[in-house]
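A short write-up of the structure that comes next.
Labels A, B, C and D are assigned to the chains in the order they are written; within every chain, residues are numbered from 1.
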Amino acid sequence: MPPAYSFLKSQRQNELWRLLKSVRSTSVELSKPLSDADATAQSMPDASPAKWHLAHTTWFFETMVLEPHVPTYRVFKQEFSYLFNSYYDSIGDRHPRPMRGLLTRPSLQDVHAYRNHVDTALNLMLEENISADVLDLIELGCNHEQQHQELLLTDILHLFAQNPLRPAYRRTHSLVRHVERATHTEFQSFEGGLVEMGFDGEGFAFDSERPRHRVHTEPFQLAKRLITNGEWVDFMHDGGYENPTFWLANGWAAKQVAGWNAPLYWEQPDSERWTMTLNGLQRLELDAPVAHVSFYEADAYARWAGARLPTEAEWEHAAHDLPVHGNLAEKLRWRPRAAPESSSPAPQQMYGDVWEWTASPFVAYPRFQPTKGAAAEYNGKFMSGQFVLRGGSCVTPSQHIRRTYRNFFAPDARWQFSGVRLARNS
Amino acid sequence: MPPAYSFLKSQRQNELWRLLKSVRSTSVELSKPLSDADATAQSMPDASPAKWHLAHTTWFFETMVLEPHVPTYRVFKQEFSYLFNSYYDSIGDRHPRPMRGLLTRPSLQDVHAYRNHVDTALNLMLEENISADVLDLIELGCNHEQQHQELLLTDILHLFAQNPLRPAYRRTHSLVRHVERATHTEFQSFEGGLVEMGFDGEGFAFDSERPRHRVHTEPFQLAKRLITNGEWVDFMHDGGYENPTFWLANGWAAKQVAGWNAPLYWEQPDSERWTMTLNGLQRLELDAPVAHVSFYEADAYARWAGARLPTEAEWEHAAHDLPVHGNLAEKLRWRPRAAPESSSPAPQQMYGDVWEWTASPFVAYPRFQPTKGAAAEYNGKFMSGQFVLRGGSCVTPSQHIRRTYRNFFAPDARWQFSGVRLARNS
Amino acid sequence: MPPAYSFLKSQRQNELWRLLKSVRSTSVELSKPLSDADATAQSMPDASPAKWHLAHTTWFFETMVLEPHVPTYRVFKQEFSYLFNSYYDSIGDRHPRPMRGLLTRPSLQDVHAYRNHVDTALNLMLEENISADVLDLIELGCNHEQQHQELLLTDILHLFAQNPLRPAYRRTHSLVRHVERATHTEFQSFEGGLVEMGFDGEGFAFDSERPRHRVHTEPFQLAKRLITNGEWVDFMHDGGYENPTFWLANGWAAKQVAGWNAPLYWEQPDSERWTMTLNGLQRLELDAPVAHVSFYEADAYARWAGARLPTEAEWEHAAHDLPVHGNLAEKLRWRPRAAPESSSPAPQQMYGDVWEWTASPFVAYPRFQPTKGAAAEYNGKFMSGQFVLRGGSCVTPSQHIRRTYRNFFAPDARWQFSGVRLARNS
Amino acid sequence: MPPAYSFLKSQRQNELWRLLKSVRSTSVELSKPLSDADATAQSMPDASPAKWHLAHTTWFFETMVLEPHVPTYRVFKQEFSYLFNSYYDSIGDRHPRPMRGLLTRPSLQDVHAYRNHVDTALNLMLEENISADVLDLIELGCNHEQQHQELLLTDILHLFAQNPLRPAYRRTHSLVRHVERATHTEFQSFEGGLVEMGFDGEGFAFDSERPRHRVHTEPFQLAKRLITNGEWVDFMHDGGYENPTFWLANGWAAKQVAGWNAPLYWEQPDSERWTMTLNGLQRLELDAPVAHVSFYEADAYARWAGARLPTEAEWEHAAHDLPVHGNLAEKLRWRPRAAPESSSPAPQQMYGDVWEWTASPFVAYPRFQPTKGAAAEYNGKFMSGQFVLRGGSCVTPSQHIRRTYRNFFAPDARWQFSGVRLARNS
């Protein structure tokens, strides 16, 4: 990078370039504990192989940024467009999702070569001044890759949980903040009224977080902390999984078919409860937030507890003054986290522990406009049959967490780090 | 009914009694064109046999009204509680829904005897003064039976459509109002703002319509008429069923699996299009509103047309000053309906033609309270995975239509008389 | 029938005419206890509605006999060819088997009108001399209808067993001969050697029973009676359904998926065992032959008992000198049957109690030739994936039982009257 | 191995020891072209990962030979008994077959360590004199591993065929002998009569090949060569896949569901036909024997050709005087094979090209006795729902081919090297 040109580049371009390098190297870091086989297997159609995440995020930059905007760019391998397109119909045919685990070739090493090829081209490109439009696409690509970093970890956990050897991804500290267990949940009151929600600030946000708009909200209360594993055990002991009156009809049907009787990954091989984690099989920590529950379970729990799930408007409103901080330190220097203060006047554990199911189906905000171009398919086409989660989890990259962020999953999904915060009417 | 007591009864009780008699006799009337076999078969798990509708609505009165409130009442047949419970978990076990079509016994004649037994007991009960709580249950039972009257007709249409002989349920006039086909859809503009929605008037409404509450709505426009069959043909000719970019992802998957390429019941045995109706197989009327489309198709159509579906708040707000009138005349004296005036300043065809898919998932209104008692399961437990439809169809009983009414079905349901009205941002 | 012509007709034609009348009227007799709804429902894809059996057997005469051989014959209703073709690909398209239960029209009454129309034409035809070829087809049609008479009864039993009211088809005596329960099964020894099997006598036999041919058989022993319900209870108490080493791999898989733990139709609502029969729910008779077991269960039982199932060659050889007699008296005058003598030197209960599973897959005999014409599809195309049963059951028409008869069903079929006779090596 | 003891050991033990070493090293050789990921993936429930084959065959020796017969043997890793048991119910629970592809751990390297551990123990054991019973088990283990060597290759081919990159397992010569294509198939005549079949010689055979016994066979003719790809193309052009009258009913249903319209692995990306092989995607060789067809297709082809498939008795009788020779040279030195002479008086291509479907269901021979011990489950429990194949394929180890060998697969299996030889009645 000749210094002569460097000062001409916008501050935004320079910041994005740093972000790009950081994001791209974090993905490589995340793949280090994995063998070629680990990175190839797919444990269920909803999950993807680690190798696929590494390649697909690369394909995104190749297809959205390099091919249309760098005339001299040579595609790494033509077939990869078919193999690593996730769901972009406007781009062309794609390899069927449930068969991703059969792609033993290209190898993990080949995928790293693919990554290097694309990184080189991106770096070359960024040495020149580039337009805001293209910078937008690079920024989208970085955020896209951060999403896949989290998915890579949730998918590896799911894969390893299927293996009777219960391998650990990486030995490290506990990922979530514990609470001092109290006899009851404290709630904080909010006045509601005509409030604003959605993104309109500086920096990046997905199309689905826009436009900022007004919603009318009744007075409500939000729990100051997350529901713990210990409280979930109480729910189980009280027949939570046996009494249909706590459950939505679809939830009860899903529970019956799948045979749910505890959160995903809980085991009871002997008199004690254990849970499968990225650290391998661990004793269940009763004061840690419950994770790996579906929307249906979260909703049933809330009804059992005489409360309800918050709407996303309520959640976003309540999070108004809280500092945002994530949990997945760069390069995975995971650290034990300080316990939240139980006497805090504000809600605790809002960011970076577990995704919090809301009562809100994922639909378009009023006057929603999809991103232009192929990325139009990014969020809009998933606006049916999903519920919004807020807050970010212990495996969400720190810089990827924000107050207006709308994550979404189907109501029976359990393999994410998804938990519960209660709300109720004032 | 001894006149000495008659004047003591409340006006409400007398009105409800009249409603009860009318509703109960309408159901019998609706079953007249059906043989025992017609009334027994079940064409898919979502549909129920006509006999089952007749018995289940009777079971509802027996279980909710007579058993708890008439100490001398003798249950008609003990096993019926198991056979004709639809989904009330708090009441006990029930016969599996997909096996309803195997109940060749009791016969249609036995079911009518059951109806008579319960009607006699209800009439005896209503000769005495009864409490408001019980009157509420009777009112709920009448509205419940009206819902099943519509389902009986939609389910018979589905059954007869599976029969290669394409039998007619009943020869009658066309059930929907046609429009004079215009070259484009006219829209009416609304200011929006902080508007009210939900029920708080006199008379009956379901728990899901309450409480009345405020929502903030951006300025919007609503189409003055429904989309016609002819317009749907245009959508088909323009590749509407072949282009995934018009579709939600779940919708596209549903379309692929089920092989949708036209609304349900459309056929093209020769050069002309036909459609299966309660009148048997009929030529497709291009100026009639399209019916039997899923939410996914409605949504794809709207995107293709450069518009969107209205939210239920928008729909309810726009319907503010329109007179409510239904279509299913008492005792099924179906009449041809006057065409709507195309120059009308207000939206036309809002009530009683086809149910109109909205963009709104069926969720609880703020501070929603389920009905007390067993009827608590009536609506609340279906609040996931469904979308709201508004307006009432040509087979909805007239008295059962109201502005705040929230019908709901899964987004892939097509066997209801469900159609499309467009909206767009102002 | 004018006597002037009668003496001209062959004795065979007169006999067949009598058989035809008897068979056709027996079918009508069998339908008498059924309502239109009973006759319409289909309880599983393997079963057919009674109405369908009545119509399909009629369609067989219309399509195979009348249409090709009576130029003046007018088809009753054109659509019936599509509706009532079972599996004859050479004749044309057909209504999908799993949807037979949705044909509420034509009604049972219409089907009887169809039967009368075809009977009239057949009787007119038989007043003239007709060729041996056509007589062969009529004979095939009679035997075909006798097969469907048995199926009509097994299918109605299956339908009624799904109904929580457990209705009875017809109150009558027990259909099977009981045995005096002994402490052990006696076996009769046979020398084997190069023996003959298959049909070559006078009268009717299906193509699959021909040609008569030689097979070499090792010395063997055949049990003198059928396995009883009481013996089956012993098998169950000894873990028969829990121990995979008794079972074929496919059988164990089928058992696991379907949850078999007793013969079909056995129930234990209280401390006693009951079984669903054509007489409704009855106490289990321990000395009656076990019925409604699959090949897999029969085979597992035999292995548990230290024996094996007989091959069909062994069965046919052992049945050499036994008189054939059936059980389903004409017009269903079902009578209690005499108990077999336990001291008999010959095998008992060989005919007319339950079909006996053999160890032999249903394959073609050497030099097998399918029937010519459309009836070529009658048996040959089913020669994979099925096992042979021998002997005839209590609901097989008497005249339809013969020593060489090869019935066949898939190894997981349980709704036929199928039971077990043991064999072992000498 | 101290020479002092060597001469004490039986000749059989020494021969077996050599066989063991050869077999064990061939498996390792076969795994060399595979990455850890290649060896881990499972492309369908019927197939297994290469790593699993390598481990399971090792587990067989550990469980059947070392654990019961070498008191000092220390199991390599306790969990492997659960992971690598295939279907031995008497040994204990096992990992579900469809999830074998999720075992990314143990790695391929770990599996090789497991192999070395067991090989060391086996070699130590064989330095001492061991009993005939244990030698029998070692011999069974060697034959078992040879079966899995073939499966490893067929399963890898299936896996690589799912990969859009169509990778090659190994570049080598064509594996099958071609024929000089003739205008018609020549047949050789056989008298039949009371012939003997089954194994009773020296050396190894599976329990299912015993006992030798007599069967009566009518005079028949057997084709002198296999059906070629070119002849299969003729079948396709003549509507072979469109005309149900050629097909067994179950076969036609399987074809419809799976959409078969050519042998497995055939592709036609352009105007030419190609087929996926262990060499990667190759042009279809018209004179090579057709492979990868199901029993149903083979049977339909035979009916189309006016012939039939041979019974296994016919095949074994016809093979009487032919020299047995396999094709998979030790250590995979695959060589081009000489073309068979078309003027040969004896059938050609009987061994080592493709497995030949017979008309015979896989059932027990008269007086069949399963192997004693856990190996009793080896063959006997699969004796339903499968058809016998004879002759061995181009990927069957040479020493593993013999005249009496009974391979068996379900009639819809297509991923083996399975082809067609015709027979007909004399």
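By our rule, contacts are C-beta pairs under 8 Å (C-beta built on N, C-alpha and C of every residue); 3 or more make two chains touch, one makes a residue touch a chain.
Just so it is clear, the structure is predicted and the values come from calculations on it, not from any experiment.
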CA centroid of chain C to CA centroid of chain D, Å: 39
Length of the line joining the C-alpha centres of chain A and chain D, rounded to whole Å: 47
Separation of chain A from chain C, taking each centre as the mean of its C-alpha atoms, in whole Å: 60
Pairwise touch network: line, ring, star, complete, or other: ring
All pairs of touching chains, each written as two labels joined by a dash: A-B, A-D, B-C, C-D
In the complex with chain B, residue positions of chain C that touch it: 35-41, 43, 79, 82-83, 95, 99, 101-108, 159, 162-165, 167
Of all residues in chain A, those that touch chain B in their complex: 87, 89-90, 194, 213-218, 244-245, 247-252, 295-296, 299, 359-361, 363-364, 366-367, 376-377, 381-385, 387, 411, 425
